[in-house]
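The structure that follows is given in the form of structure tokens.
Which chain is which? They are A, B, C and D, in the order written, and residues in each are numbered from 1.
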Amino acid sequence: MSEQTLLQMEGIRKSFVGVEVLHGVDLDLRAGEIHAIVGENGAGKSTLMKTLAGVHAPDEGTIRIDGQEVSFHHPAAAQAAGVGIVYQEFNLLPDRNVAENIFIGREPVRAGIVDRRKMERETAALLEEVGEASFGPRTPVRWLSVAQQQVVEIVKARSLNARILVLDEPTAALAEGEVELLFTLVRRLQELGVGVLYISHRLREVFALSDRITVIKDGGVVKTLNTAETNQRELVNLMVGRELDGYFPERGAKDDLGDVRLKVSGLSTALLRDVSFEVRAGEIVGLAGLQGSGRTEIARAVFGADPIADGTVEIDGKAKRFKHPRQAVKAGLGFITEDRKAEGLALAQSISDNMLLAVRTVMPSRKRRSTPGLMTVKELAEVTELRARGPEQEVRFLSGGNQQKVVLSKWLETQPGILIFDEPTRGIDVGAKAGIHDLIRKLAKDGVAVLMISSELPELIGMSDRILVMHEGVLAGELPGGASEPQIMELATGSAEVAA
Amino acid sequence: ACGSTDDPGSETTGDATPVATATEGPKTDLGENSEFFVQADYDKQLAQRSATPEGPADKPWEQMIEPGEMVDTTEFKAKKADNWNVCFSNAANDNPWRQNGGITMKAEADNTPEIGKFTVVDAEAKDDKQISDIEAMVSGGKCDAIIIAPNTTATLTPAVEKACESKIPVIVFDRGVTTDCPVTFIHPIGGYAFGADAAEFLRDNVKEGGKILALRILPGVDVLETRWSGAKGIFEEAGLNVVGVEFTDGDAAKTKSIVSDYLQREGTLDGVWMDAGATAVAMTEAFEDAGQEIPFVTGEDQNDFLTKWKEDGLKAIAPTYSNYQWRTAIIATTKILKGEEVPKEWILPQPKITQENLDQYVKPDMPPLYYALCGCEDLPGFPQKWGGK
Amino acid sequence: MTVVDPSESSPGTRAAARKERVAGWRVGVLASPAAPVYGALIGIIVLAWIVVTIDGGEFLTTGNIVNMLQRSVALGIVSLGQTVVILLGSLDLSVAALISLSSLVTAQQMDGQPGNVIPAILIVLAMGAGVGLANGLIITKLRVNAFIATLGMALILGGIIENGWSGPQGGVTDAFSQDLGYTRFGVIPMSFILFAVVAVVIWFILRSTRFGYRVYAVGGSEDVSKLSGLRTHRTIIGAHIVCSLTAVITGIFLASRLKAGTPTVGLDGGYDLESIAAVVLGGTALTGGRGGVIGTIGGVFILAVLDNVFNQLEFNSFVRDVVRGIVIIAAVAIYARRQEKKA
Amino acid sequence: MSTENVAASGFGADEQDRGRRFLSALASTGTIFILLLILWVWITILNPTFAEPGPFLAYLKRSAPLVILAAGAYFVLVSGNFDLSVGSLVTVMVVVAARLIEGEPSRTWPVILLLLVIGAVVGFANGFISTILRVPSFITTLGMLLILNGAVFWWTGGAPRGALSDNFRSIGRQGIEGIPWIEQLPWSVLLMFAIGAASVLLMRADFGRQLIATGDNERAARLSGVRVDRVRILAFVLSGVLAAVAGILLGGFGGVSAQVGKGLEFDAITACVLGGVVLGGGRGSVVAAMAGALTLEALFTWLNLQGISGALEDTVQGVIIIGAVGFAAYRLRGAR
């Protein structure tokens, strides 16, 4: 690792609507260094990166690259200066193919004509470099799974030959297995002298990968540490400002279990084959599997969001076939989707409108007033420890973690008997994550049947009473709560079909 | 088509000398003398108003004013004695005046035994389409005569010239073209006469210095400009105070709003001049709604205006743009195909409706947008075909 | 942690490989979702042929074909430009007014002098570029929605026309009018060749140039394009310039056809909404990012065939409107169904 | 859950929310009200009588149809669609009314009922085609515009026939007489305020919230149980019915005409955008949309008084609309 300073950010300030989000952040990055940035949701990590990438102009402060002061008024300028970035949100065009996405805005030309061949050749080489063979340069991005899309994003940033590479939660959408591929790639870039800024809420990754760690809290730097000289405990303390007690809430006792609430038998769809399982009141059932193994598909099919080809869904012993999610909501189901921006929130609407969106569809306002136990918007915000300026704030201005809390509130308000969580803590900081875990467990204790999909195995293992494992659209097996990671991965990869 | 219209943009003139008016430079605002004004045409039209037309007195659509040069049409005489195919390229069917005329024309064609087929192609107010329509008629080789009601004066000229080059007789009516190649061109006297008829009425009735509001449809349309310039000089000469010249877009609601605004501002008005009658009733209602007496107003020969005039005893005049020219077009075609001579320029009388002859024009059983100068009462199917009962 | 070989991991993977081959073919052979458009076109031609024949007319005669080709030129050229802005996720409601204005300016600048023809065309093209630039700047820099920006521009141009011209403007030279407006090579009118040339140029631009790639990218998502370092504003402005240029070419063509410019030729032609209808009939998505000029040409032909049938059957303008409305809605509904099935 | 660490500091009691919501709505859409006020003041300077009750009510009366249309357009726009058919629908209303009433006062109310039904049916057709059949609403309503225009004149043979009765016309023309100071309170102004109030209530109610959420994010709304197709169809139905009401008022105000509705669809959309409604859905308030319509009408009046040559009126109008929308966009951006 060289000691040469590649990037220096000093006193970066940025406000939105007169509210300051960054209060003078200092950060430096050396060539060949992997520098992790951690902090709570809404701390300002993404905003800081966006000032570096030319998306937001900082109100104050300087950015130096190789000692030269730079100021980017457009992402293109940042690119030209050697800054590559993989954004937290997906940033691909579904209707264009992989090569076109990678070379967007930088298409190679020969005599004024786009050199498609060259573009595809280079894309193929880049894909080969990361060992991606499941799709090629001409595949439309629309057809790629989330994980495959993430690969495209990384390849896209890599193709810039950037000297500074920003990865904003690149693994949030990846399953554990696929993370390793990414690590290999990042380490290779590191050897080439690229400086990497790596944002993640998964502390394990941070420790596995980084050289230094900067903790950001409420728009300011708390401390920059050498990874070798710190530990998870200290880091969490710095981030959250308090000790987090146990990592996962206690599991429910056997006699807490109630009747079977959700029973799925022989469920088949375009992607699924003959899936059967049940979830009892008070139980948290984990659903594991690789990307694209069909976990989300199960949730959507059960919820009436996608058509079912075959099989039955029983709610509290009654067979149901939902044609529209509304019927599922009426029957007491809730579904926290994996992609909160695309499927969870009406981003331009207020927090309160989002929180009340689901309950409004099933209960007229007159009835709401007379129904006991319904929480007010304020109470919902308290229960979920939402950080926001007020109920009228538009949710698009919230950080990812706080947005997720709004989604959760939306379903709490419908007082569901069955809740399906799809990646409930994706992109959520450790503090808030613990809060959400507590909440999920509390809901189960109160008699809610919980089906929890997660790609984060520690979470799945820590939370679930039972774990179902999917492999290529088939239920590969079932494991008890507290099963080990290798056990799950064996089933998920299909390398131990007999094991169950 | 002036008169009735919703789409003044497509209106062009039936003026005697379209060549002269077609390509004058930019138009000017009210106040200055319009560059549209051609004194010779103005004088001629004003004189034609009092000329005695030739032809049967009870059939104004067969009358002609100062026919002048007559065209020998023996070369166009149809080979067949009957079963002619007469083709008609219509600019558009997009306003009641044209609609009314179109029905009359069809009825006259049906009523002419020699005409076996009357083919109408509607250009939907598109110059480009009308050119193609005419081309298709010529190249199709099935038409014994082509009648053209041009959409725009100057722009249809190349197509009309092309049509003239074929051996088929070409008859133009309503708006003109800038070529004299058609066998005949049929039109009423013209815009100056229209404007002057209305203006003279106000001049004769409103006291000197009286406040006049002039309502026009749109600026920049040549035929409407001639109507206005025909009137403006008269107002100036008579010392009337034109308090405003406003554009209504032919929109009744807008007309009403404008008149109420002026009533607020001016307190009263002594006369309203209009370059077309479509919104005349709305204009009078603005006075009623403001609780004022309706002053001297001008309109056109639309039935709703005439009805209101009669029922409410308005002090009004209605210049006209003779709707029966649609009928004349068929009559002229018949003459040509029979080899009878027709005038090179067939100028139809353009009567004005006044208090004296009002009763003869009001038709209580006809629809509001029926035109009194239809010239269709003696055709089979009247009045049902024209929407009456 | 187990490292998984992604090539064997999911069913989607195998499917993707298969789809990729299909995609390669699709991208190569039919760059746009134009196939159903031509299906519809053929269907309508057959139907038209049957109906007209039953009615006692002839449909596929030389004269009729010339007529249809000729009638497709004006709408066709401007629809090509409209395709570009719609692909971009924008639209242009000012084309009709611009067509009128350019027909007037063409005639005025030519002023009957053969020597003025080329300068006049250059001046009018420059004017078109200026209007397109203004549209683009209003949309990008003032951040006015394209619908309102171009509607406002239509008003502005309309006012300029009304203020500057009171009626048709003569001055188009005889030779120019003859050459462009009326010359024919066999059944192919000269103007149709102009249409074809513009079509090929725009097809090429969209398919093979950086600008074309960027139009599709910005149409797919302006945010994504911008964050990926694409200068979206330049692309948007460029696309609007292209669109205005096609409107201007349409105006020049119409001036040659009419041998004059007129204030009403654009609006009465309904080129604003009709060009959008033609583009959508051609299978281009109004939301941008999907479609292309090949489809648009099919859409224009569909409208031209309809027009011709209306003439042959002597429909009055009211029946025409009803049929047109139904055809437009029905065709797009059919595409939508197909799209849904595919997805 | 620990409640000591309540981060939700800005969350007051629900009653206070109402006030907050109102204030924040006003702040985010304030531009249009400022513009409206400036225009009113300016007009009054040019023509002092404008501020007197009579003339001002006359201005409101003439604005009422557009305001009502803007409310209808708002519902459709905010749900993420367009309705280009309202202008021709207005024409249909007037022509159909004239032909069916034929001047008979006794037929007025049945015909009005029929008109509202026609509006609802056309709106439903627009909505059904745009949602269930997945035709982009721009195209659906463009096609509907052609169909309506063609069909109604096909039926009447090209020109309006029959006549409107006096009691039909009185709705758009007259009002409650003899009120001190203002003399006459026009029915249309009353109707405008009633529809305005109803629209505000509707948007605050569950339906409105679901509608705007649908326009914002259809997938999220659907997954939250919103029947997005139904909600959108309803928006079109509202637009159709309000177009019918506007048609009744315009027929009353101006009488029979073949082109009352011409261009109104664009005016209504322009009014909404002036009021800060975002095309594409999900954003904007109905009050601001209606204020946009009042502004547009005030702008017409201002142009008239300003004595700008008729020819350049359009140009000035275009510049002002672009400028105002651009300014609002700038303010929003600056405020972010």
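Heads up, the rule we're going with is that contacts are C-beta pairs under 8 Å (C-beta built on N, C-alpha and C of every residue); 3 or more make two chains touch, one makes a residue touch a chain.
Composition by chain, UniProt nomenclature: A = Sugar ABC transporter ATP-binding protein; C, D = Autoinducer 2 import system permease protein LsrD.
Quick caveat: nothing in here was measured; it's all calculated off a predicted structure.
> Common contacts of chain A and chain B?
For chain A paired with chain B, the chains in contact with each are C, D, in label order.
> Would you identify the chain whose Cα-based centre sits farthest away from the centre of chain B?
Greatest centre separation from chain B goes to chain A.
> If you average the Cα atoms of chain C and of chain D to get two centres, how far apart are those centres in Å?
The answer is 31 Å.
> As a quick test, compute the distance in whole Å between the mean CA positions of chain A and chain D.
Roughly 42 Å, centre to centre.
> Rounded to the nearest whole Å, what is the centre-to-centre distance of chain A and chain C, using the mean of the C-alpha atoms as each centre?
42
> Mind checking the centre-to-centre distance between chain B and chain D? Centres are C-alpha means, answer in whole Å.
Spacing between the chain centres: roughly 37 Å.
> Would you please write down the residue numbers of chain B that are in contact with two or more other chains?
27, 93, 218-220 - these are the residues of chain B that touch more than one other chain.
> Which positions in chain A are in touch with at least two other chains?
Residues: none.
> Show the residues in chain D shared as contacts by 2 or more other chains, in ascending order.
Where chain D meets two or more other chains at a single residue, that happens at 158, 309-311, 313.
> Name the touching chain pairs, would you?
The list of touching pairs comes to A-C, A-D, B-C, B-D, C-D.
> Touching residues of chain B toward chain C in the complex: what are they?
Its residues touching chain C are 7, 9-10, 12, 21-24, 26-27, 36, 92-94, 119-122, 124-129, 131-133, 135-136, 139-140, 151-158, 162, 178, 218-222, 225.
> If we count contacts the way the header does, which residues on chain C are in touch with chain A in the complex?
Those in contact with chain A are residues 1-4, 6-7, 9-13, 15-17, 19-20, 23-24, 27, 208-210, 212-214, 216-217, 220-221, 224-231, 289-290.
> For the complex, give me every residue of chain C touching chain B.
Interface residues on chain C, with respect to chain B: 63-64, 66-67, 70-71, 74, 161-171, 177, 181-182, 254, 257-260, 262-265, 267-270, 307, 311, 314, 316-318, 320.
> Please output the residues of chain A touching chain D within their complex, sorted ascending.
Against chain D, chain A makes touches at 16-17, 303, 305, 324-326, 328-330, 335, 337, 342-350, 352-354, 356-358, 360-362, 364-365, 376-378, 381-383, 385-393, 410, 435, 438-439, 442.
> Enumerate the contact residues on chain D facing chain A in the complex.
Touch list, chain D to chain A: 1-3, 5-14, 17, 20-21, 24, 205-206, 209-210, 212-213, 216-217, 219-227, 282-283, 335-336.
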